[in-house]
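Shown below is the structure under consideration.
Chain IDs A, B, C, D, E and F follow the sequence of writing; residue 1 opens each chain.
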Amino acid sequence: MNAPTSGTEAKPVAYPHWEIDSIVADLRSLRVKSLENRNRGDRPPKLPSRKALIGILDGLSAALFPNRLGAPGLTEEGVDYFVGHTLFASLRSLHDQVLLELRFAAEAAGTNGNDPDREAAEISRHFAARLPQVRALLETDIAAAYQGDPAARTIDEVLVCYPGITAITYHRLAHALHRLGAPLVARIISDISHSATGIDIHPGAEIGDSFFIDHGTGVVIGETSIIGRRVRLYQAVTLGAKRFPADENGVLIKGNARHPIVEDDVVIYAGATILGRVTIGCGSTIGGNVWLTRSVPPGSNVTQAQTRSEVFDAGAGI
Amino acid sequence: MNAPTSGTEAKPVAYPHWEIDSIVADLRSLRVKSLENRNRGDRPPKLPSRKALIGILDGLSAALFPNRLGAPGLTEEGVDYFVGHTLFASLRSLHDQVLLELRFAAEAAGTNGNDPDREAAEISRHFAARLPQVRALLETDIAAAYQGDPAARTIDEVLVCYPGITAITYHRLAHALHRLGAPLVARIISDISHSATGIDIHPGAEIGDSFFIDHGTGVVIGETSIIGRRVRLYQAVTLGAKRFPADENGVLIKGNARHPIVEDDVVIYAGATILGRVTIGCGSTIGGNVWLTRSVPPGSNVTQAQTRSEVFDAGAGI
Amino acid sequence: MNAPTSGTEAKPVAYPHWEIDSIVADLRSLRVKSLENRNRGDRPPKLPSRKALIGILDGLSAALFPNRLGAPGLTEEGVDYFVGHTLFASLRSLHDQVLLELRFAAEAAGTNGNDPDREAAEISRHFAARLPQVRALLETDIAAAYQGDPAARTIDEVLVCYPGITAITYHRLAHALHRLGAPLVARIISDISHSATGIDIHPGAEIGDSFFIDHGTGVVIGETSIIGRRVRLYQAVTLGAKRFPADENGVLIKGNARHPIVEDDVVIYAGATILGRVTIGCGSTIGGNVWLTRSVPPGSNVTQAQTRSEVFDAGAGI
Amino acid sequence: MNAPTSGTEAKPVAYPHWEIDSIVADLRSLRVKSLENRNRGDRPPKLPSRKALIGILDGLSAALFPNRLGAPGLTEEGVDYFVGHTLFASLRSLHDQVLLELRFAAEAAGTNGNDPDREAAEISRHFAARLPQVRALLETDIAAAYQGDPAARTIDEVLVCYPGITAITYHRLAHALHRLGAPLVARIISDISHSATGIDIHPGAEIGDSFFIDHGTGVVIGETSIIGRRVRLYQAVTLGAKRFPADENGVLIKGNARHPIVEDDVVIYAGATILGRVTIGCGSTIGGNVWLTRSVPPGSNVTQAQTRSEVFDAGAGI
Amino acid sequence: MNAPTSGTEAKPVAYPHWEIDSIVADLRSLRVKSLENRNRGDRPPKLPSRKALIGILDGLSAALFPNRLGAPGLTEEGVDYFVGHTLFASLRSLHDQVLLELRFAAEAAGTNGNDPDREAAEISRHFAARLPQVRALLETDIAAAYQGDPAARTIDEVLVCYPGITAITYHRLAHALHRLGAPLVARIISDISHSATGIDIHPGAEIGDSFFIDHGTGVVIGETSIIGRRVRLYQAVTLGAKRFPADENGVLIKGNARHPIVEDDVVIYAGATILGRVTIGCGSTIGGNVWLTRSVPPGSNVTQAQTRSEVFDAGAGI
Amino acid sequence: MNAPTSGTEAKPVAYPHWEIDSIVADLRSLRVKSLENRNRGDRPPKLPSRKALIGILDGLSAALFPNRLGAPGLTEEGVDYFVGHTLFASLRSLHDQVLLELRFAAEAAGTNGNDPDREAAEISRHFAARLPQVRALLETDIAAAYQGDPAARTIDEVLVCYPGITAITYHRLAHALHRLGAPLVARIISDISHSATGIDIHPGAEIGDSFFIDHGTGVVIGETSIIGRRVRLYQAVTLGAKRFPADENGVLIKGNARHPIVEDDVVIYAGATILGRVTIGCGSTIGGNVWLTRSVPPGSNVTQAQTRSEVFDAGAGI
């Protein structure tokens, strides 16, 4: 029998009246008040776009590693055209985003002396020139990941599977922009990376070659951190600030050196927390879950106190 | 020379026979058995859609902050039309999702007394009316983030770059829906937020104004948590339950108050774990990685025991 | 008055010259050098595609749970056609990805004896045959999540809201592929899961039925872990390796058993770290933040030492 | 030199004030007036969607010819699942569109006796049952095209390249819906076909098997046309009405038989115009550009008068 | 048996070397030569975008008829927000396109006196103000279509099914832009309409109210045509130019009045061709396929000579 | 008051049972029968894809005219990379489509001698080499359109607004493929062009430089037509075959020369029909609606007989 599976009468949904006029008016007055609080009577200029920057990161990654992250089906004849075209489109779009940041900053600062267009051109040109160096550094990072993880089978697996590689790739790009004078664009890039990988590296952090983060979720690396060469980190490691000094008005002082210096060849295991402008001497090993707020000399091996951790209550079950 | 780069013969892939008929039959019998186990002979009604809710969250965010998160290129003349239209479309879609939840719940409960359509209208109307208040609260959260992070340069940077702001925005919307009677829609929203930010706030948690989570990955805030005003949290903080009491049949008792109360002006540093229905008195500071299962009075400063954490084994290397 | 809101002259952006020719040449020489380092003079074969695998995972999930994760609006008449068609399309696409891995591996190994096409057919056929068993296991996982979380209201809520369920679903699929001989495809799947859920389970790990991870962000489960039945984990738990033995050339030895064995009915609370090839006896409970590097007998109840954790400094404030 | 290619200052565009408030108000009052003119004080119900119907036509075409118009890569194992799933999804969507038409018609008519839901079910069921017959008819149409065009190389080329095949496919589907009681859905389908092919066949026209339209642009076939078997038409042929009788109020009488009857085995060459309820006897040939308003007996061969057409004015040029 | 359906070895396609370097160089030199021929040494400015204008037409149509062509699911509360927002977005985008045309024209003309930004603002403002009048005219066109076609069942069917309505809607918008000074944008709109409907109306043509084109494919209406009120046209009607006078250099004289004037209440049947600056007196009827190159007085009834058209050759068959 | 606007109960639609199992079975048996009729027991190989070819045409058009049809925002630095990359991607995709055609043809012919991969490489290479010549020819076509239409204001307007330019662009590409041995791919391209422009040019037709079709809807140019240099056509012109000779079995003889030869500098006005292998001598003018089936000498001026066309019946009205 072909009868309908139910005898109910289907009628369209009846929507209520949501008083949108009133909500729109309330939201408008909140917006106006918010702008007034910031002494800005008019609508602010446009900010750089997170969505555009996601596209730019995809483009730059593809240009840096065309055979692995680029368009499928590239042959030897097509690869340089692909790289050149992708670079061109990505740089043009990046230039636009940097220009948005500079105009925004100029208006916020109320300064007239700047020339955002000229500055944006300088920044995008210098950034472009630095890309081969970024690629060379990333080669060292990939090699470090391959050598540092017994589960890694091939170099290529590392490039496509390891969140730590994505995080360091985006960081190296963001860091270049941060130094060249586009800190907001750099910051959005680092948040894109954070959202994709769970690894939060401030674009201000300086990181040497052959850097490897395994697993990575929960890693936080602060703005003024300095990390040497051949450093290895595991998940949930924090390189943070110990305290935030405020000025006489209680306003936080921004920008002072307040995060650790990690020298060459240091390994920091999962969950370790290192706070303040301390120095971890070269070749040191910091054990899992260690909490460290002072400097340690080169070659240190820091672990948790053995007595601390476990109380057996065998047989108790739950 | 223009010869093909390889002399191999290209032929299409030969797929095996996968015995799909047999797999389809097996999966069907597993579905039927699964429904029987739950005493439901027939196909269950549709659940709310995660994908639709992602769109709704984008819409509501854009309506709340049209200049920052809305369509690019809005001018003063267009902004209220944008807000009104976006609200309308988002509320209509939200109404549909709430209706799906209510129908699902009504069928699951087998109750006939309910009127899902009327309830959905009530919920979507009250939710709409609460939006200006949500926006006002979010202003305080943004201000708190700006004031609390020395790396923050501008208020606008906070809104577009900080996962903690996304998490509290989605939470304030989810919490409103949770209280109005749409707990499943609220729960899906909190999972969307969790996936995007690594911050897991149950929609039942009550959170006061000027709330700030920095970095945020790994933060977990339980269902019955109560958080006061001007509270600041760092990554990997847990506000959890100590134990889950079960009834005489071993079934967990659901819904009882089992998570911490955090009073006003508390700061909790990275990795701290606070479990159970304890109270953190106002103005307290809880240090990084602290493990806390009892209440502390106002003004407490709780840190790990100094002796615990490090064993130096200088020179050992790795 | 209708005058334009500003008297400025709008002109198109003037882009700088980025010297793309030179960057393209530099990147090319870096690529060539990189291939030479790996003794590969020519362009490497294509790798499996992360994007394709995301689509495959969506398809397989929909085929396993068509009423909850499949196309909206399925009726009894349509559901088997949906399942069959979705399976077919997903298996074909998976077959293609496995074939890419096998060709890549064959070329990397320089072996001629293999027949990637035959192997791919074997793998995709056996994988298909295993799907009903995967679905049956997932039923037990969902039931465990429902029973183990007092905040869970319905079975269906668990399926659509819990990242732990996504993680175990993807893991059970990845594990099958890992065992059948497609470790790279399996690894990419586990990274997709990691990115979506913050939970990092290596596809090599063996996990019994009724497995539940709550919250989940930061969980890491290593390649050679073995987990029994009815095991429950919370966020930030690590089942890791204690050390990585190297051979006489300093190259890490890959593949040896180096992660924990967790027996049936074990609960491991948030932040606990268990390292090395140790055994957690059945029925044990491992407390939050515990650091454990040796085996414990069945029925153990391991918690942090009480004296360790807190130093009160009441009234100090910040 | 790397200087910007232009020294102009780039500033964002300054948009004028468009007085949108006033335009919105004017358009609203026009809408209200328009509804009043049609004695409809309230907003009309929703019409079927052109966009949805385009998707439905794609789906039905793919189900009818899965190897040629369906998903790429189907194998023998997958084809019936593809057909079944595509049919299911297309029929469900078609059902929705028919339901919209019936509700619209019921409200327009002000009748309460109808049951749109029951009617929609009847229509979609009978339509589904007719699909194999439609496919069988289309086989004859494709064969006729192949045999009738010396430029056709293969049967398959005909199916993918000939607009006349698209037009008759869509017409046979639209005609079934027209007869079953969904004339508006049928009419939208015929307009979709018209827009894609330049061939305008009213869904009411009855057309026998083995029908072929070559080139096709500009062909118009009126609502009450009846076309026999094995008929062949060329571009710009019109089967139209001679005049439109009006009633005593000057309103056109709708629905009466006013278009030609074309019997079996007739060929009508490009540009011929046949108007009114005339009969073209079986086996007749109507020459290019002929203008015909009366019946012709079987076996007629109608061409333009030879004397009519050309005046030579050799050497005049232009 | 589960053996693969074929034993062939699948290998990837081997692409030839296409000598792209050489083709790119050749195309470049052709571009340079082409610019030189037009005395333009540098790259020309950007033209308006066809794709953008398709979006603008969709937006304006939706704003004019929100209940029929707008977003699905609009309610009374939402409709004005939808109209306002859609207008705003469409006008802003149209403004951008007009600005591109004006800049292009200014550069082509080499004139410095113009101010493209000011002109674009004037054009978009006046265009916006004219929209309610366009909607009022379209109401008369829709009513004319309904009254003039015995196959039309409802007013709404006309709006969604008739290509003639699409063509006149787009024409009325294009004509307004043509008159306001954006002839290239207007021309692209008319080509979009031509491609969708087969009806080619030059944006310069002036057309009165209650205009109806039935079927429409092949209709051509020239640039300087003037059409009165209540005129009805059928498919393949041409209102064209008789000859194109050239100046002493053989260059066509552009812009002079060279197309027909059609007065009120004229009907022109399918295939009629009217050429030159002739006048069709009000109330006249022009029969199908008539070829007319001189004026006719009001009330004329022009048909083809009866003797002309048919030569019967009964029984000849083919 | 905020009560819902209607008191109706909304319930989901109840779909009927469509007996899909039975329809699927019927369609399968029709497919099997259809293949048997063509002596093909197994599933036919894949045909070239219309959708892929649409993308290829967009790519090739953009590579030929990068400043007008390419990506927006190209600068001098980026244009050659854009052209090279777009060419590469388009040629690779075209190669794939040609390969599909050749494999299909090889299987249909049952021949084993062919080597589709080698042939596809030959075809795509020769096609690539011909592109600069195609661009040079198109320059002459664009110039002819500009000079031939008094409504054309600029050369650029012609390129973006004239369907005749699209048609000749696609034809010149299709013709090259037709000659090189990919007639089915060529035929699909000509149908794509036909659908977009209403102009139907068989890819076999040979067309000289400086060719212009104005308006174009309804133009049909047959397979063996030969058109000289500087020819101009208007809408609805047919260059067709007079009759189709059949062999002794009644099967049409395919491929013989049966369409007109149009010599240099001929103009053919709207609606003219020229049939058979006749020659229109150079410099001739063929008037509107002329019906011509014999050759005319150079310099002819052919118009319709003056007496033919009009019968005045002034004052009759309708």
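In this text, a contact is a pair of C-beta atoms (placed from the backbone, for glycine too) under 8 Å apart; a residue touches a chain by one contact, two chains touch by 3 or more.
The structure presented is a predicted model; accordingly, all values stated were derived computationally and were not measured.
Look at both sides of the subunit A and subunit F contact and report whether the same residue positions are involved, with over half shared, or different ones.
same
Please work out which of B-E and B-D is bridged by more C-beta pairs in contact, and write that pair.
B-E
Using mean C-alpha positions as chain centres, tell me how far subunit B is from subunit C in Å, no decimals.
Here subunit B and subunit C have centroids separated by 21 Å.
What's the distance between the Cα centroids of subunit C and subunit D, rounded to whole Å?
Those two chain centres are 51 Å apart.
Could you tell me which residues belong to subunit A and also touch two or more other chains?
2, 4-5, 9-10, 12-20, 46, 73, 75-78, 80-81, 84, 87-88, 92, 99, 117, 121, 125, 198, 217-218, 236, 271, 289, 304, 308
Using the touch definition from the top, list the residues of subunit B that touch subunit C in their complex.
On the subunit B side, the touching residues are 13-21, 23-24, 26-28, 30-31, 34, 38, 43-44, 46-50, 75-76, 104, 108, 183-184, 187-188, 190-191, 194-195, 198, 200, 202, 204, 217-218, 220, 222-223, 236, 238, 240-241, 244, 251-256, 258, 267, 271, 273, 275, 283-285, 289-292, 296-297, 299-306, 308.
Which stretch or stretches of subunit D touch subunit B in the complex?
Spelled out, the residues of subunit D in touch with subunit B are 15, 17-18, 20, 75, 77-78, 81.
Under the touch definition given earlier, write down the residues of subunit A that touch subunit F in their complex.
Checking each residue of subunit A against subunit F gives 1-19, 71, 73, 75, 77-78, 80-82, 84-89, 92.
Could you list, by residue number, the parts of subunit D that touch subunit F in their complex?
Result: residues 5, 63-64, 66-68, 72-73, 75-76, 79-80, 83-84, 87-88, 91-92, 95-96, 99, 117, 121-122, 124-125, 128-129, 131-132, 135-136, 139, 147-157, 160-163, 196-198, 215, 217-218, 234-236, 270-271, 288-289, 304, 307-318 of subunit D touch subunit F.
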